[in-house]
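Here come two complexes built around subunit A, the first alongside subunit B, the second alongside subunit C.
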Partner chain A sequence: MHIPDSFIPISQGAVYWLIALVFIALSLRWIRNEMSEEKVPLVAVLAAGVFALQAFNIPVTMGTSGHLVGGALVAIVLGSPFAAVFVLSLVLIVQGVLFGDGGITTMGANIVNMGVIGGFVGYYAYHGLLSVTKNMFASAAGAAWLACIVPALAAALELWVAGTFPLEAGLAGMGLYHALIGVVEAGITAVVLGLIANTRPDILEHAEGVPA
Partner chain B sequence: MTGAANPGAELDEGALPGSFEYSAPFPDYTVEGADTFTNIGLIVAGTLLALVVVLGLGRGLKAFSRSRSS
Partner chain C sequence: MIEDLFEIERLAYGDSPVHRLDARVKIVIAFGAIIALVAYPVHGSVYLFAGVMGALLVALLLASRVPLRTFLLRVGAILPFGLSILVFQVLFPPVAFASPTVLLALPLGVEITAEALAKAAMIGVRFVLCIGFIVLLSSTTRLQDLLTGARRLGFPSEFTLILGMMARYLFVFGQMFVRVMNALATRCFDPLDRSLPYGYRLRQTGYTIGTMFLRSYEQGERTYTAMLCRGYGRDAYLFVPKKPLSRGDWTVLAACMAVVCVGPVAVFLFSTLPG
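Coming up: the complex of A and B.
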């Protein structure tokens, strides 16, 4: 899902960078004002986990590849979509600068897709599903699936706007693969949440729906 | 999507307006010519780097926040 350099014109990349910077600033404010200091190591561990998960790519159509995202897991565990923006932004910077996984000019678009869209979709889908299902694991799984496929579709849309790929082929290619990858992401997210809820329920104090 | 387009890519990169050149030191989580264990080690190193960067920045932001409020 990482868009490389030259797949989006620099002028459009600048727009995505501006949007990303606004959300990064808001996420830094969330860290400073709302997150407790005791959560900092947990945030770092989640970032390491997201990095490791995203390092395993599978080839998708048109020079792209698919992978897990992790935005929903971070947002649900830490109780805020801004946590996902913070974590995914830093992970994407490390990936882009050191490992060439995603471009520099397109990093704003990647942050918007995986951090902002992934985090907000994951967080609000979780709460929406939870109000219906009353089940933390099913809600987290559904939210994680959505937070995997929606950023992929957003990336396909951005590549179409950039004139890089046709819309239908992009949506079909990215959507199909990430619908399948999303099933894995849903399972991992539900399992990780279950493990945390069983062993350290205090970590999930901000996540609604956790069994007491 | 990875940094380098795979052979199946149909994009003519020169067709897009604007240009930018950057070569990551370890493209696609690999060292050229290295064996599998080295490349796995690279992913482990990247994972640890992500942990350290987020830990450092998080702690720094909280310390900054504390100093401003005191």
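Coming up: the complex of A and C.
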């Protein structure tokens, strides 16, 4: 769902860039204030790791493959939606400038979709679901599913505002496709979180609901 | 995607007049060209303008001696998502046209009209050229030069410092990714292999990704500690010495920016003025 250049008019792209910059500044402030000491290097290295794990193909039914975005995962493990904003902004900048995946003028929109919307939806959905189900894996799966489908719908909406995408057919197409990928992303996120809870429970910010 | 990083960097270490240009010049030209392309209205004259920008791209590409096949493969790898948006747009036009010319009527009331095709083609031309400029930029500029160039152009130090750290570890994790994929292949495990049970594939892929996450997190912890030992702190600053642009750099910059700035205005006026 990386929106490429030329699909969003330059004026609207600038608006998304402004929103993205505000959130990037907030996430930079979060790292300086909230994370113990000055752990900026840790998050920078983790961003490179997230870039690498996005390269793994994950099996989606019917022969298609997708890949993990990881916004929900980062937000849940590091315990803040701003962590996802920060990490995914770095990843999207590298993807956009080095590979041309996602555009320059649309990078703001992509950061807003995958970093801001994905991170916030993933984090708050996780904690909402956790307080109801008390099960870490089910909540992580639900959060990851939502963090996959909501940004896709946001991207479809932005493209519709830009006049390059139909509304109903676009929402239905993007929604259905990502609902399918989201199920797999949900499963993978739950497995990954289980692995982290087993091997490094100390790095999980909120370890409640972890089975002993 | 990450495994292509090494090939891109190898290309960027080549030598040609374009490789030797200062990174600032290349960044400004590439971003300027993309902004000009996106800002140009979706209008019949977009093809003429695309021709002008395409000529600039081809001239720079020839001067850079980047192999054409590699260049086209890299551009082609990025196209699918944009093309799928374009196909969607043709099948379900977001804006109703006044008097559409139906070329082909499909079942369920879906119609392909000449107007929708024309609009998609105009957006598509700009889209492909934008990718071309970005691919040329990263194929001729080393990652470290891009960062230094961005810093010299006034990009904040906090951000270049972080991006620099990330960039360094991209290569570490790129190699790790290749090793992990080889290890999986030697055990005949393919996440897309349909003869294996689905749950098993999902779990194994999840463990692989989780291990990658943990390894990068722990690498981050080690890097952070090592940097603390070397005096890293809140006031760390990426120092980049000033470097004036050479006369050749200025000439290329002026020539290309003249095309990028004057081109769109001239083409638009030329094609809309009556007579």
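We adopt the following convention: the second predicted complex is superposed on the first by the 174 of 212 C-alpha atoms of A that agree within 3 Å, B and C clash if a C-alpha of one lies under 4 Å from a C-alpha of the other, contacts with A are read in each partner's own complex, and residues count from 1 in each chain.
The rule is short, and it goes like this: a residue touches a chain if its C-beta (ideal position, glycine included) is under 8 Å from a C-beta of that chain, and two chains touch if they have at least 3 such contacts.
This one's a predicted model, so the numbers in the text were calculated from it and none came from an experiment.
Chemist: Given the touch rule stated above, what does A:40 touch, subunit B (first), subunit C (second), both, or neither?
Modeler: Both partners, subunit B and subunit C.
Chemist: Just to be sure I read the superposition right, which of the two partners does A:51 touch: subunit B = first, subunit C = second, or both, or neither?
Modeler: In the superposition, A:51 contacts both subunit B and subunit C.
Chemist: Could you figure out whether subunit B or subunit C reaches more residues of subunit A?
Modeler: C
Chemist: According to the stated criteria, A:7 is in contact with first (subunit B), second (subunit C), both, or neither; which is it?
Modeler: A:7: touches subunit B and subunit C.
Chemist: So, A:90: does it touch subunit B (first), subunit C (second), both, or neither?
Modeler: both
Chemist: When the two structures are overlaid on chain A, which partner does A:100 contact: first (subunit B), second (subunit C), both, or neither?
Modeler: both
Chemist: Considering each complex separately, which residues of subunit A are in contact with subunit B in the first and with subunit C in the second?
Modeler: The overlap between the subunit B and subunit C interfaces on subunit A comprises residues 1-2, 4-7, 9-10, 28, 32, 40-41, 43-45, 47-48, 50-52, 55, 57, 59, 61, 63, 65, 90, 94-101, 103-105, 163-165.
Chemist: Where on subunit A does subunit B make contact in their complex?
Modeler: 1-11, 28, 31-33, 35, 37, 40-41, 43-45, 47-48, 50-52, 55, 57, 59-65, 86-87, 90-91, 94-105, 155, 162-165
Chemist: Going by the contact rule at the top, pick out the subunit A residues touching subunit C in the complex.
Modeler: Those residues of subunit A that touch subunit C are 1-2, 4-7, 9-10, 13, 28, 32, 38-59, 61, 63, 65, 68, 73, 77, 90, 93-101, 103-105, 159-160, 163-167, 169-170, 173, 184, 187-188, 190-196, 199-200, 203.
Chemist: Please give the residue numbers of subunit C that touch subunit A in the complex, ascending.
Modeler: Per the touch definition, subunit C meets subunit A at residues 1-5, 8, 31, 34-35, 37-39, 74-75, 78, 81-82, 85, 88-89, 91-95, 123, 126-127, 130-131, 134-135, 137-138, 143, 146, 158, 161-163, 165-170, 172-174, 176-177, 191-192, 194, 198, 201-203, 205-217, 219-221, 223-224, 227, 232-234.
Chemist: Using the touch definition up top, name the residues of subunit B that touch subunit A in the complex.
Modeler: Subunit B reaches subunit A through residues 1-6, 8-11, 13, 16-20, 22-29, 42-43, 46-55, 57-59, 61-62, 64-65.
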